[in-house]
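Both complexes shown next keep subunit A, but they swap its partner, so subunit B is in the first and subunit C is in the second.
And now, the complex of A and B:
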């Protein structure tokens, strides 16, 4: 058998019911699925019966990384946690959370590629991995603690270099909207309660080894430097956010926020982010000053530095010191996070703050929210939790559904005043399922809507921003037209796919994007922003590429918030990135030479397995009408394209509601989207009528056994 | 036959180039008549011809009737255009040409606030005075205003986009994109 680099070759299996700990051969069993989500799907297909729910003992948790994690492949510090998701509604189906941080690399240093967790413990436990030594340890002394204390305690037991992936009280209390965090603030959404259902507090790992790569070291160094040379800033934004002498273009929304006069203000002495020329690879980590991007200009003086994940040069995690947190809220002055977990305070729990979204109260609210989410281990679900709370307040449902006593117990006056300590009350209720409100909010949108009998209008309220199955829209038509809609249709939870978005919002002008897009997918793939044209095959190919690359990244494991590198900041390359970079990294690390088409075929295998699992567990092959749904507001709401989120709603300037394909609107057309589905299914080799994989496609991808099983269940399209 | 350059001219140009490069490193363009004592006609049409090797990074750009120099080693043409424009005393000219460029290039409307930043650095008082009624000036009739829901002001050129489109893009830049992480 050939020996490959990258993989350790060992998959760990831990049975919490029997206590059995065993080792499997990664290469023999899982090489064709790479790692991460790929392995997760294969295990779920092979071992978890159809119809299994998230909290069932038969559900399994697969914490997986791929051959690139633990190497110096840029932005490879990701771990996928695949399981049956308890937030997927009304069917609990396969999905994955993924986290950054350092846990994944440490797992590889310990000599493992994946951890498959099965069964259920009777009492609280944690899994301790120290290289090849694996134990199931008592966690009763940790149970009831938040993630912060649990992490610190385990590090005291196992050593300070231990990487701990833990749940908080939310996961313990089977709050469906809960996370697993490692390194305190790197979250995998949606999986915390599955850990809790198995009485699993944490998986802690210490590794003293290294990852062997197949490549000659000099060749590897050359390739990684090349990858760095074509990378942009966070989300692979390739132009700065302000006009700068070195740049031809700029974009106000770019995450390349570094500039003269912008500082990590709480560093001692303060550090200027300055101008970061794309050729200066030593300053990649300075490009994204994320604290001010997420929280506004006031955050500058609180920013100590930017941090991030193992082997990632981008550093998108803001590390802040906000001294008044201790006295005002009883919380640590130190906080670290990024994106939605650093903006949850201003996403709808409280309508408005004194001095507005960027004022001091708002900044403090975001830090309060970050601590609550990261310590209790609650999943914000891309702000869906905040928007749902906002909805039940403004619709009157909170008042009508709660008992008078419970309603009175909520400190509404704090909410009205814009007092951030309101968040401490609400998040505590959710984490501990206090009262009706605490219980129902943590169930997720789908189940909550059922329990409280939400009106139909909820599902099409753009301020709620729900997509389907209890999860939110995530970069759909408002940014990427039909391609965004097709991407959002596919998963069973928050899609967490950024491939399409990274490309469209990289900051380059439309004509440059169209040239790059034409090379990748054909003419017509890219429209001008908010100036959409009817569907075409190139857009379908763009959607398929986005999804396949997402699966690939979550299996290799690379960060989909950086890759694919379809564009670059280099004028010398006409801003072209390298569509084959993943295959180059994979080939050199593993020694398993695959070109871009061959590696994309592996991704297609993984994606088809996800689809097959969904078909199986929904017990229908009619994905087109039952699964691949699109909310009505995408087509009907005249504000689509003009809404600014929960706070900013703006009607079009004048005249009748703009029709689809009018410049300015993001409204889609139903008939056009049906054409889109046709083209999308055709591109994937799926049956057009049902949107299900055909036998021919499954067999082409080496999934004959899957085709046979689906046929046996009468779930293969005719 | 390549044009021969007298050594005195080459020396003058090299000294000029040093000054221009230093200015470009500081994000500034240099007005030709401030570094060239002869007439503009005497200045080489191109610094890329034989006998001037080593100066091929020095480029010229014209705006509001003036010629400026910059070094392509330290500044892109697009930035040089903006920097040259910023030297104009007519703030409405600065605003209009920038807005037209942004509306045509990306396309997107231009935030009014962005004119307080480099390379323009227009004071808020001057900016407000210039923006108010700008489209009443026939030279700038295409420069229209649009307001996002958070109060941010944007300008766009009606030569390149209509008000509905501009309003949508402005709202996205100012508000929508912030909640669309």
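And now, the complex of A and C:
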């Protein structure tokens, strides 16, 4: 067998029921699926029976990194945690939570590509990995503690350099909306309670080994510098947010927020973010000043620095020091995260703050939320949790469903006053499943709606912003028209796909984007913002590209908040990025030379396997009408496209609601979206009638065994 | 270079050697290898046969601004990828990972009151001080395997001479020696021949390559070092310091 760079070659398997620890050959078994989600899907397909639920002993957790993780490939520090999701409703289906931080790279240095966790422990344990030495250790002293304390304790046992991925009380208590967290502020949503169900507190890693680069080192260095040269700021925003002498364009919503006069104000001494020229690779980490972007100008004086994942030049995690947090709330003055953590306090639990969304109370509320979420390990589900809470308050359901005693025990006066300590009360209820409110909120939107018998209006309420199956809308028609809708249809949890979004909102004017988009997907792929044209095949190709690249990124791994690099900040390139950058990085690191089409084919294999798993576990091939549903508000709500959360919602223009495909609206048309589905399925080689993969497509992708199994289950389209 | 400018000039002067020839001769040999040191000893007429253990000061060093470090660790992977062709922070000659979670003083300094990602967010990048004489790692090496890199006079490990005894690791008060477990050899910062990869890779300009200055007296040590000097080497101290001839 050829030896490859990138992969360590070893996959770890830990059975918590039997205590057996074993090793598998990554290359022999999983190379065709790269790593991350790809390997996760393959393991679930091969080993987890159809219909398994998230908390069943038969469910498995695959913590996967990929061949690029741990190297200098920019933004390669991510980990995918694939499992049957307990938040998916009414079917519990395959999905992945993703986290950045430093755990993934450490796993590679320890010599492992994936960790497959199976079975269920009887008592609390954690998995300790020190290079090739792996132990299942007692965690009874950690159980009941938050993530901060658990991480500190494990580091005392394993050494200060250990990277710990742990759950908090929420995961322990089987709160479905819970996370696994590493490196203080990096969490993977939806998977915490699956760890909890297996009595697994943490997986802690210390690695001293190496990830080999197959290519010549000078060639590799040249490529990493080239990749850096075509990257923008966070979300690959490629123009600055303010007018700069060196920049042809600027866009106020850009995350390239650095400028003269804007400081990391709490650095000792303060550091100016300053001018960050695109060519200056030694200032690329200063481009994104996220604290003020997320929390407003007041956050400047609290900012110590920016931070983020291993290998990433784009620092999107704000690190702030807010001294009064100690005295006022009994919390650490130091807080770190990015959106959505550092905007969670202003996303609906409390409707308004004394000095507004960017005032002092609002900033403090975001810090409170960050600590509660990251220490208890609660998943905010892209603010769906807070929007649901907001809904049950304003709809009167909280009052009608809760006992008088429980209702009275909630400090509503704090909510009215905009007192951030209200959040401490609510998040505690959720983490410990206190009372009816705490229990039901943590179940996630799908099960909660069922348990409390929500009216139909809930599902079509733009302020709730739910897409389907318990997960929220995430960069859909309001930003990318039909392409956004098609992207939002596919996954079984929060879609976390940013390929389309990164491109459309990169800050370049529409005509430049259209030129770039035409090269990638054909004419008509890109519309002007909220001035959409009817569906066409280029938009379907744009959607497929977005999804395949997302699968690719979560398997290699690369960050889908930066990649694909379809645009760049360089005028000298006419702002073109490099559509083949992933395949170039992959080829040099592994030595397995694949061009862009060949690597996209691997992504297609991975994506088809995801689809096959969804078909199998829903026990229907009719994806088109049973799975790929689109909420009515996309077609009906006159305000669609005018923002989500209660305070972020913009007032719609007056007069009659605009018709689809007229300037100023993101409304979609039902018949047009059906055409969209046709084109989308056709592009993927899926059956148009059902939206399921055909035998021909599966066999083309080397998934004959999957086709055979689906045929046997009568789930393969005719 | 004017006479008396460098440490070597001063030594040569002090030893009262026939200056020009010797000085050039010394420098010529020295630039190739620190094995030149016994040569200088031999040149000093009537001196002991013990080697001179003095190394000339380095030309430059990497300095770190802890307020600008954002903890991406790209310096560590650049150090080993572009030198050894593999990503391996444990081998990196700039050290961030070990301070990342809790800072240089570890968890004993507390969590929220300490440093690092779990403390006050200050990430400290440890870099080699390229110490002046007596250079702890080089003095401790029983095989004189720590020599001058010709261009920058950085102290570097001669991989052919290193036998992997780890005495240099014990000797460095800043714990800046690394050990390549797969090769069985020590390694340390050699300033990448004047273009340090870590500096090139730094995403925020927190690392700079500057003219050498003595940081060995300015930066707190990480631990009390274990000064090790072999007898034949300490005898060499006598070339300059003993109550003997000089």
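Throughout what follows, the second predicted complex is superposed on the first by the 708 of 718 C-alpha atoms of A that agree within 3 Å, B and C clash if a C-alpha of one lies under 4 Å from a C-alpha of the other, contacts with A are read in each partner's own complex, and residues count from 1 in each chain.
Basically, a contact is a pair of C-beta atoms (placed from the backbone, for glycine too) under 8 Å apart; a residue touches a chain by one contact, two chains touch by 3 or more.
These numbers come from a predicted model, not from an experiment.
Enquirer: Label the relationship between subunit B and subunit C on subunit A in the superposed model as either fit or clash.
Expert: They fit side by side.
Enquirer: Touching A:530, do we find subunit B (first), subunit C (second), both, or neither?
Expert: first
Enquirer: In the superposed arrangement, which partner chain does A:557 touch: subunit B (first), subunit C (second), both, or neither?
Expert: In the superposition, A:557 touches no partner, neither subunit B nor subunit C.
Enquirer: Once chain A of both complexes is superposed, is A:72 in touch with subunit B (first), subunit C (second), both, or neither?
Expert: second
Enquirer: By the touch definition at the top of the document, which applies to A:271: first (subunit B), second (subunit C), both, or neither?
Expert: In the superposition, A:271 touches subunit C alone.
Enquirer: Given the touch rule stated above, what does A:292 touch, subunit B (first), subunit C (second), both, or neither?
Expert: neither
Enquirer: Using the superposed model, determine the angle subunit B, subunit A, subunit C defined by their C-alpha centres, to the nearest 10 degrees.
Expert: About 80 degrees, rounded to the nearest 10.
Enquirer: For A:197, is the partner it touches subunit B (first), subunit C (second), both, or none of the two (neither)?
Expert: After superposing on A, A:197 lies clear of both subunit B and subunit C.
Enquirer: Return first, second, both or neither, reflecting whether A:587 touches subunit B, subunit C, both chains, or no partner chain.
Expert: It touches nothing on subunit B or subunit C.
Enquirer: Just the number, please: smallest Cα separation between subunit B and subunit C in the overlaid arrangement, in Å.
Expert: Taking the overlay as described at the top, subunit B lies 21 Å from subunit C at its nearest C-alpha.
Enquirer: In their complex, what parts of subunit A are in touch with subunit B?
Expert: By the definition above, subunit A touches subunit B via 242-249, 251-253, 260, 294, 339-340, 343, 347, 357, 382-383, 475, 478-479, 509-510, 528-531, 571, 641-650, 652-653, 655, 658, 662-666.
Enquirer: Could you please specify the touching residues of subunit C with respect to subunit A in the complex?
Expert: Within the complex, subunit C touches subunit A at residues 67-74, 77-78, 80-91, 97-98, 100-102, 106-107, 111-112, 117-122, 181-182, 197, 200-205.
Enquirer: Which residues of subunit B touch subunit A in their complex?
Expert: 24, 27, 74-79, 82-83, 105-108, 111, 114, 117-119, 146, 148-150, 161-169, 171-181
Enquirer: Residue numbers of subunit A touching subunit C in their complex, please.
Expert: Touching subunit C: residues 70-72, 102, 105, 108-109, 148, 151-152, 155-156, 160-162, 183-184, 207-213, 216-218, 220-221, 264, 267-269, 271, 281-286, 304-313, 315, 319, 321, 332-334, 336 of subunit A.
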